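Chain naming follows the written order as A, B and C, and within any one chain the residues start at number 1.
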């Protein structure tokens, strides 16, 4: 009986070591799937976008097959630590807070962030961070839950009414319906909204807020990896460097963002 | 609004919503089954006053019924994911990570919730069985297992049917909460469609209608079951 | 466990308690009035009224609260007619108001079923005696039928209020910062999933325990004067 228990335990601990989905020749990637143009999932679960390109290119370098698992953004880190997937590639910024939970690869890109505002309002004309803060005070500002944007506004702008959404879609529906005065997200997501009919009445506020503005915004986009997987991390870093040198990241970035946001190793 | 049923059809959304509905039904069935197993086990413990165990059952039903379902789902989904992953692997479901995993969480979370309500229904039904029946069976020298199978279980189920019907309705509706953690069931499909077509109204309306159809049809089924069980009881 | 984290979680979540209680109490108050109206319609002899009440109850009890909430908040919010109408937008445009609306309409359906059961349990003889004594319809309802129905329905209604309190957690999905909303926000900052959701659960449990206790007390008080 005791022997049986031990063997069951051994079996369980073995199967727990699925850390290596890699052993099965697969790299399982967790991604949001609802964050264009980083990560978009269609009705059949296929993922496209910049992050999908990065993922597929890394898989190719590691000689593994890519499999994407779609997961709400604020559940990505818990799910990675629960070994539901091997890495996170989901437009995730490298921050100190997140660094306590998981490790990150080197940065593969960096993105500016912007507020948007209704055309013709004072907020829309703000030119520096101080007027921006003053104009935002008391307004309803939308952010996506669990993002660096949420953390940034919460820390630096205690006077705004912060509204947290599960997805970008919901936030944009509320911008269009007038429930929100403004929103804070990365420049790409914002211009994506402005290009839609719903976004016609809005414009980008001309104050770029990037990682140099505040530590909560992180130090560029990284691939999330579990803390104990140093080997995988090194391999991924090497792959990212090679992809940067070969120009793969740049091409892909220009394809999705119409500009180069990629970061290289040199 | 220029967006109507024709666009829904062309965009493949009708099919997607129906697929979502079938997953909703599957989660509902799984959760109900799990809930029944939990309910019968815990109901028996409470009925039989099995000492240290019935306290645990009391804690379980009080906590689960006093805490929002959404919170239970968040807790299970975000925290004990590892535990569920292990169950999944043990059953050889590891490869189903994308859909199988939220499915499993959904069944466990909703099943835990319906189990707490089922416990009360089962306990009530057990208490309603005339003591004389069990005593008579004992006097005839029936073994305990057979008393349970032939006397207690059939009567209990018959008395419990209306209560279980209510639990089934609640369980079906609770499955919608799984959408917040990403299982692409009916509500989640409506949610995705609402976001990508910018027409939330029609999507949530259709989702609501489909839930109504599901509850309506199962209502008929339960009424039949009730009648069948009563007839059998008399024969 | 980390004491500092627990302190932070308790103080943050406590901020959501008043929002949760506000949502629940206003929804219960509105839902009770609507539910009472629906129950009276249901037992009335008019086919039209009782039919409406029956369909209302079937629709709201047959669909998930989450669907109702999203249909009101995101669904109705898409129409210009709603946005341009000041009254409609006051209700739909604000997440808190919208959550109260959905919760109230939902609980009204369940309340109507509970009160209908209460109304039907009243012995016919009592109503006939009141009629014979010359009581008017309104007086009869106020003095005989309503108090008896309430007393009968109270235990079930207590459970319904618990369900409303639990239902308020869904408001977090449309940006309302009640207990669950705060919990989710804190979770995505600290990732202390287990601690935070457990503390949130304890808040709800405490609220519901107090509520159930109060309903039991009320039941006991209502039961005695009749004898």
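Keep this in mind: a residue touches a chain if its C-beta (ideal position, glycine included) is under 8 Å from a C-beta of that chain, and two chains touch if they have at least 3 such contacts.
Model, not experiment: these values are computed from the prediction.
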Farthest chain from chain B, comparing Cα centres? A
Is the C-beta contact count larger for A-B or for B-C? B-C
Between chain A and chain C, what is the separation of their C-alpha centroids in Å? 38
Please compute the C-alpha centroid of chain A, do the same for chain B, then give the distance between them in whole Å. 35
Whole-Å distance, C-alpha centre of chain B to that of chain C, is 23
What are the residues of chain B that contact at least two other chains? 78-79, 180, 194, 198, 200
Could you check chain A for residues that touch two or more other chains and list them? 78, 166, 170, 173
Can you list the chain C residues in contact with two or more other chains? 74, 77-78, 173, 184, 187, 193
Give the list of chain A residues in touch with chain C in this complex. 74, 77-78, 97, 100-101, 145-146, 150-151, 163-166, 170, 173-174, 177-179
Under the stated contact criterion, what part of chain C meets chain B in this complex? 58-59, 61-68, 70-71, 74-79, 162, 165-170, 172-173, 180, 183-184, 187, 193-194, 197-198, 200-201, 204-205, 208-209
Quick check on the complex: what are the chain B residues that touch chain C? 1, 62-63, 65-72, 74-75, 78-79, 169, 173-177, 179-180, 187, 190-191, 194, 198-201, 203-205, 207-208, 211-212, 215-216
If you look only at chain B, which of its residues touch chain A in the complex? 12, 16, 77-79, 81-82, 85-86, 89-90, 94, 97-99, 101, 180-182, 192, 194-196, 198, 200
Of all residues in chain A, which touch chain B in the complex? 12, 15-16, 18, 28, 34, 43, 45, 67-72, 75, 78-79, 81-85, 166-167, 169-170, 173, 176, 198
